[in-house]
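Listed below are the structures to be examined.
Below, chain A partners chain B and then partners chain C, in two separate complexes.
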Partner chain A sequence: MMGDARYWLREHRGTLAAFVAFVAMFALYAANHSAGLNANVAQTAANKGVVLAIVAMAQTLVVLTSGIDLSVGMVMVLANCLASHIAAGEAGVATVGVLGVLAVGAACGAINGMIVIFGRLQPIVTTIATGAVYYGVALALRPVPGGDVNAALADAATGQIAGMVPSSLLLLAALVVLVWWPFRRSVVGRAVYAIGSSEIAAYMSGMPIRRAKFVAYTLSGLLASVAGLFITFVTYSGEASVATGGTYTLYSIAAVVLGGVSLFGGSGSAVGAIFGALMFRTIGDLLFVFNVEPLWQPLFQGGVLMAAVCLGSLRLVRIRNRLELYG
Partner chain B sequence: MTTDAGAANAPPSSRSARFEIQGVSKRYGGVRALEDADLTIQAGHIHAVLGENGAGKSTLIKIMAGVVAPDEGRMLLDGAPVVFASPSDAQAAGIACIFQELSLIPDLSVADNISISDPPRRFGLIDRRRQRDIAEDALARAGADNIHPSALVKDLSLSRRQVVEIAKALARKPRILILDEATSALTAADVTKIYRVLKRLRAEGLALVYISHRMHEIAELADECTVFRNGRSVASYTAGTKSDAEIVELMIGHELSAEFPARPVRAANAAPPRLEAAHLGWGDRLRDISFSVQPGEVVGLGGLDGQGQRELLLALFGVLRGAMGQISIDGKPAAIDSPGDAKSRAIGMALIPEDRKSEGLMLPMSVRDNLSFAALPSLSRFGVIDRAAEHEAVERIVRLLAIRTDGTYVPAGSLSGGNQQKLVIGKWLMVSPRILLLDDPTRGIDVGTKQEIYQLLRELAHNGAAILFYTTDIDELVGCCDRVLVMVEGTIRRELIGAQITEHALMSSALNLGTEVADAGAKVGLRS
Partner chain C sequence: MADARSSGVDTASRSVAANSRRRIDPAVAWAFGCVGLVLVLGSLYSRSFLSPEYLLQQLKVASFLGVISTGAMIVILLGQIDLSVPWVVAVGGMMATAATGWGPLGEAIAIPVGVGCGILLGLVNGLGVAVLRLPSMVVTLAVNAVAQGLMVVHTGGFSPQASSSPAMRFLATGDTLLGIPNALVVWAIIGACAIFLLTRTTFGRSVYAIGNRERAAYLSGARTGAVVIAAFAIAGGLSAFGGVLLAGYASKAAQAMGDPYLLPAIAAVVLGGTSILGGRGNYLGTVAGVILITLLQSILSVMQIEEFGRHVIYGVVILVMLLIYGRGRKYSE
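Right after this comes the complex of A and B.
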């Protein structure tokens, strides 16, 4: 049908913009890198970017419901500390350990969801509180940095496939294909978008509101624990670092915004958030290849974020009834 | 066939009813929304439901759609009792409802919205191709095959969205279709198409419930009509058996619910009007509006809900961007570009908003804080609030309005609805407005407080304020106003002065029936 492409573009423009911006920035980075774009450069960049990309996916799920999850970083840290205990040893034991870590992550998300749904508390407060609890558990598990992880698993997750493609990127692609796409095409996935867009209309249409919120928070916790596992694979250890948890939480929100996901909920895609995360990471790398003082990095990241937010709020210029500005 | 409230429990006629409502009542807090209401809907008929604002039509529909549960009474579907615990129960029973407030999800596509409650699935996931086929089919049935199924709902015009609502309802293959003011937002082109669609559905054996304020639509479409008044179903009759004047009489009834202060006799005034508007316009919501209000005058805004009255008040108050036309204060042109401008000393305008919870008050803050917000500039020196002056001013207003509150430090949210409304009014009295705009100020408050507010409006007018008063309560227009401007579709349809302000004249002008019906009404004696 004529015009199909136009509507497709309309729906995905945030994701596409993030994709284009990331490709441009990464091309600039690779072109100015002393070694050019080889497998090792790609592997290093991917391993740095993938953790934030996965946390940003986790954040997206909750933001789509017009909530926010300030515990994603802490769930990640908890998963990291837990994995440094139980994902070690021989292959069979470590595999069970990995599943255990994922289960704990999903449980953390499920607790957030239950409190938000049945306690009717605001997501922001709920997840600050539960995040503190999850961090406390992480600290109890790993009072000082240490631990171990199954080396074969770790190398498989962070290495290269066929000496070319970073396997972390394949992991990310697998998450998109196996978690995000089915979610997006499921009835609960659609309900998540509907809740974020207009919860009253979703209710009036008889949509499964509670189930959708529960799934969104649970998947968010699950994805955060995948990110925690990945950190363990990179560092071969666990560390209950409050700074890591906090930073990843805040950066995940930045990545979500850069990826074209509306903080009001209801529109955007986890794929966009992934590119937003990779873009955010590339800013640091770009400053590195151009020999800019590391001190400037936060300033540039902040600048890019502001620019993205400004583009997003251009529509407000068109509003004619000023009361709608505050609705 | 006419039945009045007493005889409405008569057994249904020989034809089998698709859906029946018997003796249904619903209260919200102390407010009676429906009282012993009856309705019988036949398959293959279009049943019109009529009544003025607040007659209980919306509550009736919400009950039929499973959105609210009735307190009393029962519903029969094909003769068997049914109970709806949620909107999905009603949908499962084959009832589809097109609400006045749209139920579409703005960020999803048209096709997503049409299949929202039960999307086609394959292997547990939504089958996008079949969903699209369903959408195309439903849009075609709604006479709107020119709407693209992939378009996002938020990008469509209001009229197109309403058509998508209808397509969404049809996609569920309903047996009973309820349309609540479904044509109010439609363009003329869409209305014609929808008429054709509705007539075809009737021929297919659907039962349709049609709520509209437009008498010509009802004349065109309806087979049967039921009139609601004050929450009761007062009459059912076959379409075409009653004149417009008789219908208006049934709708307004005669139960004056409140007493109003006497209208003073006003001397002819040579002074320039306090507020004068010339050729105001805003998009297609306000068109070429000109009027004036003298000091000491209470001018009412009448008409059905949503004819642009609210927008007119917002335009005067500087909230609407891009409003056209000229506003003059005391004969001098004034530029009002924000509520800040409007309340400035030179203009002295105040707006009492309809939605006191979000636009009028900060509920968690104290009575004192709420009262002094608008007046802070005059209560402070060098940016510091003069606590003594604030205290005195607040106490004066609390006494003047007889606001029943446990001290002035309690949160505004702890007061009753009526006293909260007095707070909103009091907040603006603190700045001694010269022009007072009121947006349905008595909605949802008790009769006693209403009386006090009427008294207060008169006093303010007596002291020289110009008052523009929008209300959805027809009695208030009759009882309170020196003049009434009746609005229809964004224009002033008719101006009624003094003794011309009768329920009949107001209702007939609001329904756009013309002056003949209004005047004929006086001669019809339908009351029992």
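Right after this comes the complex of A and C.
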């Protein structure tokens, strides 16, 4: 039993570190907030953090295969623009619309996956190109910001449950339980980790490589579209903005790294990435409660990111043989 | 060179160099072929796409992307990536215009100040990758965030009012006697230096060797750490120089002026046949990639295709071209 615990700890070290860091930061934030920690403070913080958390989950799935998805923000923007058209109106119509948005997101992810698997292009260049295409489609749907969304649905997703718990957090938890856990425990999920560790070894062992990659990319697109939907619920409109898409893509990489997911693939978890994302968002909020001048905020955020990234080099301390440096 | 020639560093890269001497790299041929194809298709729409004035104007615009892509290519050859391009470009432009505002002395040193700041940021990237052994994607992302933070504090969050120095404007907008834009001359000089550096020096051969297999390069005696740091510093300097030229072209620097250059720079390098995994690539290919991307953007906008269509076509063209000649190997190979 002791041995099991040690392995479990080693496997989840990154996730646990991200969790502890987030809790510490959020406690500091809540303690110094003028209103203390009440339901409204939690709701605002959750709505801001959840979008990035979901995009970070999407990024994690691809990063685990030792790929990278630079189109994830653009799929989100596309979902946002589409949702502002078809997730509006009566409840029945809007529900079908939501399903449509999710289907389109999954299709975007599937296209990425197909190109990477059958086209044998590198994920980074594939997703740069498909990202441009997805953004073009988003712009066609929403040349100028606008649109609408079903208000009841939006309030349900961004409000509170029982006047206490932010429903966005429940949505996030549902994604973990319904998407991430089943994926992680499936053969396909195992294969994704194996591919990330060594694709050639996974191939030699008869792992379902193509299926695993396809599922990872498709789920990534699906999750990105959930994030896009959520943005629509918060803003009640759709906007095709390059800046939003690009920022979320880059922040998702930062969140994934803060969450202890290895960019080389094969290690880490989406739960870690979620805490990485929430931590990244809390840094910005911390500056707000400490009355730091808004001008200094980007520099501070960059500094924290830099420091967190540098922590990754602590592994060098344990390396005895110089050759281990050059994997 | 005599004793280095027997080392493994050299054999790996020598075969690359020998290959390019023996026959033209198919990817480079494809890329130039696509440039020709785009021009022919464009000329069906309007004759003016083949006029020397239009082509020179496009080459002038292309030279900004060309300078930035040169740095991106050196880093990609190492098997790394530089995501700090957007704000290093902005730092180059902003610090150069800021220096201009200091008076006559500042005006004289504006360009070195801008490029120097870029080199410093590039050094940080290089130290993170070579010494701290962090993935380049994260280090450069963090440096990008820090550079952005520094510039927001420096400018107060607005685009700076200071305008660019006469020297910057001369380089970016002036013409030489024969009517050839100065920016193009600048790109040609930088390109020639890059070709010399990559194919004729120990540094260049080490870059290819590290991109192929860093461990082998290290064991063969290449100074991998120093080469990686130098490569990132060069890339930072070139990105910042691109920003200096852009600020000279627009006569002032702006927030987010570098944002539209990150992805096109990577795309240009990859379209030119450089492997994103490192170790393989030819500078002529990058030249073709840069011209191709600039022409594509220009012709699509002249044809008055709506913006969304331009993005879609742009993405599809990159994908199709790469599917033709940029595919990876099968497991069985």
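In the analysis below, the second predicted complex is superposed on the first by the 316 of 327 C-alpha atoms of A that agree within 3 Å, B and C clash if a C-alpha of one lies under 4 Å from a C-alpha of the other, contacts with A are read in each partner's own complex, and residues count from 1 in each chain.
Just so it is clear, contacts are C-beta pairs under 8 Å (C-beta built on N, C-alpha and C of every residue); 3 or more make two chains touch, one makes a residue touch a chain.
Everything numeric in this text was worked out from a predicted model, so none of it was measured.
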* Just chain B (first), just chain C (second), both, or neither: which does A:G36 touch? -> neither
* Asked: According to the contact criterion defined above, which of chain B and chain C contacts more residues of chain A?
  -> C
* Of the partners chain B and chain C, which touch A:G163 in the superposed model: first, second, both, neither? -> neither
* Asked: For A:G206, is the partner it touches chain B (first), chain C (second), both, or none of the two (neither)?
  -> first
* A:G302 contacts which: chain B (first), chain C (second), both, neither? -> second
* Touched partner set for A:S267, first chain B, second chain C, both or neither -> first
* Asked: Given the touch rule stated above, what does A:L323 touch, chain B (first), chain C (second), both, or neither?
  -> both
* Answer with first, second, both or neither: which of chain B and chain C does A:G92 touch in the superposed model? => neither
* Would you tell me the residues on chain A in contact with chain B in one complex that are also in contact with chain C in the other? => 203, 322-323
* **Residue numbers on chain B that touch chain A, as the complex places them** => 67, 86-88, 91, 99, 102-109, 112, 116-117, 119, 121, 124-126, 128, 148, 150-152, 155, 282-283, 311, 314, 319-322, 338, 359
* **chain C - residues contacting chain A, complex** => 81, 83, 128, 132-135, 137-139, 141-150, 152-153, 156-157, 214-215, 218-219, 224, 256, 259, 263, 266-267, 270, 276-277, 306-316, 318-319, 322-323, 326-331
* Structure fact -> In the complex, chain A touches chain B at residues 1, 3-4, 7-8, 10-11, 182, 185-187, 190, 193-194, 196-198, 201-207, 262, 266-267, 319-323
* Any idea which chain A residues touch chain C in the complex? -> 68, 70, 115, 119-122, 124-126, 128-133, 135-140, 143, 200, 203, 242-243, 246, 250, 253-254, 257, 263-264, 294-303, 305-306, 309-310, 312-313, 316, 322-323, 325-327
